[in-house]
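Several structures are given next for inspection.
Next come two complexes built around chain A: one with chain B, the other with chain C.
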Partner chain A sequence: MTAGPGGVNETLTEVGQVHGTDGATAVLGKTDHGDDGGQQSKSPRQIAFARLRKDRIAVICTVIIGLFLLMGIFAPLIAGIEGQNPTDPHFDLIGDDNLPTFYTSGDHWLGLTANSGYDVFARFVYGIRPSFAIALIVTIVTTIIGVLLGLVAGFFGGWIDRVIGWLVDFVLSLPFLLFAIALVPIMTTYLVPGGQPTSSEVQKIRIFAVFIALIFFGWAGLCRLIRGEVLALREREFVQAARSLGAPTKRILFKEMLPNLTSVILVAFTTSLPAWIGAEAGLSYLGVGISLPTADWGLDIALGQQQMQAFPLPMLVPLVGLLILVLCLSLLGDAVSDAFNPNTRR
Partner chain B sequence: MTDNTTDAVEGAGAIDISKRAEESVVHESQRDREVLLTVKDLAKHFPVKEYSGLFPKTLQTRAVDGVSFDLAKGETLGLVGESGCGKTTTGRLVTRLLEPTSGSIEFEGREIAHLKEKALRPMRRDIQMIFQDPYGSLNPRFTVSKIIGAPLEIHGLVPKDKIKARVQELLEIVGLNPEHVNRYPNEFSGGQRQRIGIARALAVEPKVVVADEPVSALDVSIQAQVMNLMSQLRRDLGIAFVFIAHDLGIVRHFCDRIAVMYLGKIVEVGDREDIYEKPQHPYTQALLSAAPDLNVVRGAVPNERIRLIGDVPSPIDPPSGCRFRTRCWKAQEICAAEEPPLDPEDGKPSHTIACHFPEVKTNLVAEADAS
Partner chain C sequence: MRWTKLAALSAAGVTAVSLAACSSGGPSGSGGSGSGNGNGNNTAAAKQSEAAVAATNPDLKAPAPEVKGAKKGGTLYIDDHSNPPTMDPAGIYYVDSNAFATQYMYRTLTQFQIVKGKPVLVPDMAEGVGKQSADGLTWTFKIRKGLKYSDGSPVKIEDFVYGLKRSFAKESVALNGTDYQRQFLVGGKDYKGPYKQPNADFKGVTTKGDDTLVFHLVKKLPSFNYFASFPEFTPVPKAKDTKGDYQKHPLTTGPYKVDSYNIGSKLTLSRNTNWDPKTDPVRHAYPDKVQINLAITDLGSQQRILANSGTGTNTVNIGEIDASLESKVTGAQKDQFALGPSSCEYYVNLDVNKIPLEVRKAVGYAYPFNQIRKAAGLSKLNYQPATTYAAPSLQGYKKYDPLPYATGQGNGDPAKAKAILKKAGKVGFELKYYYTGDDPSAVAANTAKKNGLIKAGFKVKDIPVPKAERTKKIADPKAPVNMSQGTPGWCYDWPTGDSVYPVLFSGEGIPDGTTVGQFKNATVNAEMDKISKMDPEKAAPEWAKLDQEIMTKYVPGLPDYYSMNTATFGKNVQNVTLNPIISMPNLSQLWVKQ
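And now, the complex of A and B:
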């Protein structure tokens, strides 16, 4: 019998049932109505979310992330207040040394970038969009692939497990950066027969390259994690019970097992989202991913870096934005994992 | 409170025993049983990899190796034996959670030993299982209503809007508050959880229930309640049980027939009285004499205790001939050379013994009334 709240109550209930069974003839239908039955009780997930709401860091991080998201969603409005467009060059405000002629002004709140003279504030507001969108799509796609393959590998075992295991090992042993950077010229060679891509083709190829690189490398870790969890779950008696009831495999995988994996999946999701934001920014910085004139934080860091000694703002603004966003998402991910596994609380 | 509990349990037990005695008299007289389940030469070998030398060798663990028994309508067969003798594997083969390596399982005249999952589904309704661990056998993410409703949904027994009512009915049958349908398993005690497991098994109105040590994970006081519940269900619903246990006292109370297993084989099968009062196989005798006797505490002279020497041999490489010979005090040359068949020895076809030198030994266990 479990200790803690309700323990005594349960004991009394059990004793009540003993007296019930004593009657031998009238046992069927004899029940214990002494309890506070009736109300909907909390599922483990609800308990975890209640715990999360009490975590101050989690709440602060959620608010900051929410603000960033609002900024991305209402970017045209916010940039409209300043009256600037992120993709409009201002060659008239650029001096002969390719640097802007002023630091900040009433028209350009955070100044201009070198060479083409893009507005830094407008680019900051818009720049969260590709980072977040790409990271979110990549995280969702990799989570789906990883969970599905992990479920299948862990549940069926045998040669299916071995084949998926090889794939995971293969993907994890490839050098990520080399693969991602090499992808752009390789794709250009194969997709543009003439070898002279137009700028819109270059943009498309680079964005595709980012998706392919991140998704290709993203699913493997989660797949391995889920496979391990499924191996443990498969031997639990409730799965055996479902089988002995004649539940189809689909039902066992998605109705019996998947709800028991939600905490693992949610934790993996919240921790990989900031990682992919960072990765997307990094690849855009290196020239895979987003290309000019589209605003993107990673790209803007590369852009601002050219003038960082004279005009540090164009580099610092997207850098700090990226830092805060990734930090908040990471802290939130940790908080989520703590909320679901209170035993591992630090 | 403790006193109350003990009194109540003992009282219930006494009534139970007297009833059981009457029933078994009836049972003894009518030997023409309606057989539901026939198991013949059932074997399950698990492959084990042994890593010695350069290449791993695949060996076979003979968890169950040629088990035969049958089960009649409404009858209760006890499967007893020490840990690792293949009781649980036998139970899982009968419910077809495992596919047997060889042998046949016939249910109502239909061979189900090698049926595919789809073809098995209708049979799944008729043979249900109660699991040992009430903490592991209920999905922690499901409410009681979803757990007990699952079989109804899978087999489409009840229209969707009536599932909840049926679940509440089932909860009432197993003695739980029907208002608790929306609770999660972690809000119940072990005994209550086991009742939920029983309700789930009952949901499909099975003909056979395989109970795999259903009470061994529970407190002793709660064991009695759950056992009484199962007796009740057997009486009211006429379900046949395969009852797997290592607690000889419980088996004696609950089972009509008992099969004793050793190292993947059945060594002796018989009616309850034959096994407990006239055991003939040396292993059965040793097992019975090892059961603790409360009368000794009360001052009675302890019965002779048979002490077995050595360990159970590995099921990977079982001994030749009789598997018990390595620990048997009667072992002779023939025991190593020839495997004893499961034969009736005292002229009763219902009592069979797999031994070359069977011999009746009485007074190994205390009287049923005292235990």
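And now, the complex of A and C:
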């Protein structure tokens, strides 16, 4: 993470460009004197964001992700324009062979799904909600857990480090997909009040179980990363100085070290978000996540796949949606990583 | 017979009839022509009503005439999506295992010959189809001479007795087997089989000389010779009985012997050279080997067959045809698909003890058959809407005007149902049932079912259970639910009413979960006892009358659909015909083009 010589030079140049002067002068000359108050030195974070703003791919991806987010937030409104609901079946428009009797129409912009005749457009608009919500919450929770445990393990060392390290190894050694597929039904059975849940109760339990499964597996990688960073940081002069001044542990961890880890955390956050969206959709696709009638991209792909040869639209719409969203999030994650870590820039 | 063949659909229900479809040019091939045509002109319907009349031909001579053009050799593959719980002759009672056993492995006393699509009871190891005494309480079968096991040793008369005795060992080899021998044979109620009671004197069957079997019955069973076609009647030599392991290395008497049997995946058979075609009036042994693949996925298997790729060209799939392949098997590849009537029917059970009669009728009015079948995505080729409790291929079947609450099709009439509920003061009546929660089509079907019932003013408590557990859950008579408990469907064992109505409606099967709606009624039981004792010809119209009476007065369940007997086969598989009684293709008549 520490920038090599090239990185430093580049950073200096960029700071200079921001100020419209030669980089070296800007840093060494003017700002130190402090005689033009509006001109402050840039923090590494500000520099990184400046880089991001100049990265065309990052900007395009951000816009697209923003649009998807807005679509999810205003799903009822958008589906309302079409006048359809994602969970209303249209059996009267389904023919003898269980396929819709038309491809698309003014009422159903992207047609209907086979069998039950759900509106494809409404399900597309609503379908982003579970994926994004689950992925976002899982990413936030795993980041918090991973960072906290990583800080503690790296800073204290000793038996705490060994215990946490062992936990991390344990979690990382479990096969994620297999474990998640097994865990969701088992949890559904054990979390049932009274042993006889109805379909709607089971739906809630399953969403909860998916959360647990994803969080259980999500924190370990980040924890290991943070621990490594902390091991390096705790020997640095400013930490030693704070220690010798008698600063409390809490202050050292959160005021001295954490700010220096922001970029690592941010990069981990942006790269894991698309992974969790993919994981949620994958679990729903495999039949252990969200179930009917709730709209969900992974689930809709699985259902549409059955009639793929005869009528591909109900499968393609959520598939393309998922593809674009995950691609944009991944590209944005790469861009964020590049912006914070000039060594990796192309 | 039990209903494994369509287990996947028992949760769902299926389609047969379409609504007016609005426009053509959509993905639905039927869009242009659909016009609410009902089921009248459907070929499946026409075939289903070709009743399998109970006919016998005791004089059929062995050997069977050669199939025209048939050649020996090659390997035949059979793909079965289910996994029979046992292949031991004493415990076989499922549609698929029964066919594999009786057609290839175990010869019994009688068997079926298909004449122009209709099954006729003909002799097998016995010389005729059995003789009933004047009082109907004794059945006599004379056994052929020169019968051998696959190891070359001769079949002895006491082996038949021992084989039948094994079918009483309900704790081990006969776990899922037939129950008629317990109900009808003398001493059957108390006999526990040769392992638990090795010295017991079982009086149900005796021998006369070295070639005659005499069965002693406690009550009249005019269809006993049909029952004698079950694998439970095959001979088993006591010296070679290895109990639980016998199914892996059995001595067979049929045209094939067992090479290997991996439970749950594969059963490999090869020609039994000790089977003498001159003693068998029906079976052939054309393929050199037969490989039965168990627990396979129907869709993949059918795709392989219709693509005629790999072993697909030599494969028969016995599962229901997947909806996505419907256009293929009704169009260009229709000569690779066989469709015919079966012995099976499915029901929507309504617990008579927990749901009042008026409410049961209201469920019938509200039940969204069409929506459920569409949501499940099932091909109309596999089903016909049912309006009676017995399948149309039953002898004496008489279609009466469907009652308004038991039409077996339509979108449901929530307004009418609500009015009935209001009148009975039962608005908001809670219907509780289990459904398969880990199968997307079953979940989709349940969503449609639930919507339809809620619209009619019911409260619905739908409890999802895993597919593997559902069979057990719905068989539990004490489960805290009031709908869809008991048998999801029934395939009759022989085409007369005494293998349908007493099983479903006498109440005897309540602990085993083989009844419809936990129904038990003294008046109906007395009537069934009376009809059971009649001659089959006279009994047939009486059974039909009883069907209508139960449907009108009691409604323990809604008839859902009659299932169709289907087979999808590769282009090298020849001479595929279907047997409506055992609901399977006539496996012993197949041959493979080289």
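Convention: the second predicted complex is superposed on the first by the 301 of 346 C-alpha atoms of A that agree within 3 Å, B and C clash if a C-alpha of one lies under 4 Å from a C-alpha of the other, contacts with A are read in each partner's own complex, and residues count from 1 in each chain.
Here, a residue touches a chain if its C-beta (ideal position, glycine included) is under 8 Å from a C-beta of that chain, and two chains touch if they have at least 3 such contacts.
Worth saying up front: this structure is predicted, and the values here are computed from it rather than measured.
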Larger contact residue set on chain A - chain B or chain C: B
Contacts of A:P44 with chain B and chain C, given as first, second, both or neither: first
Which superposed partner A:G106 touches (first chain B, second chain C, both, neither): neither
Partner chain(s) touched by A:G95 [first = chain B, second = chain C, both, neither]: second
Partner chain in contact with A:L245 - chain B first, chain C second, else both or neither: first
Chain B versus chain C as contact partner of A:N260, first or second or both or neither: first
First (chain B), second (chain C), both or neither touched by A:T198: second
Complex contacts: residues of chain A adjacent to chain C: 89, 91-103, 114-117, 185, 196-199, 202, 287, 291-293, 302-303, 306-307, 309-311
Contacting residues of chain A [partner chain B, same complex]: 1-2, 6, 10-11, 13-15, 17-22, 24, 27-33, 35, 37-45, 236-238, 240-249, 251, 256, 259-260, 262
Complex contacts: residues of chain C adjacent to chain A: 15, 18-19, 21-31, 34, 323-324, 326-327, 368, 370-371, 374-380, 411, 435, 437-438, 440-441, 443-444, 446-448, 450-451, 461-464, 466, 480
Contact set on chain B toward chain A in their complex: 1, 4-5, 8-9, 11-12, 15-16, 92, 95-97, 117, 120-121, 124-125, 127-129, 131-133, 136-143, 150-151, 154-155, 171-173, 175-180, 182-184, 186-192, 197, 200, 204, 219, 221-222, 224-225, 228-229, 232, 236
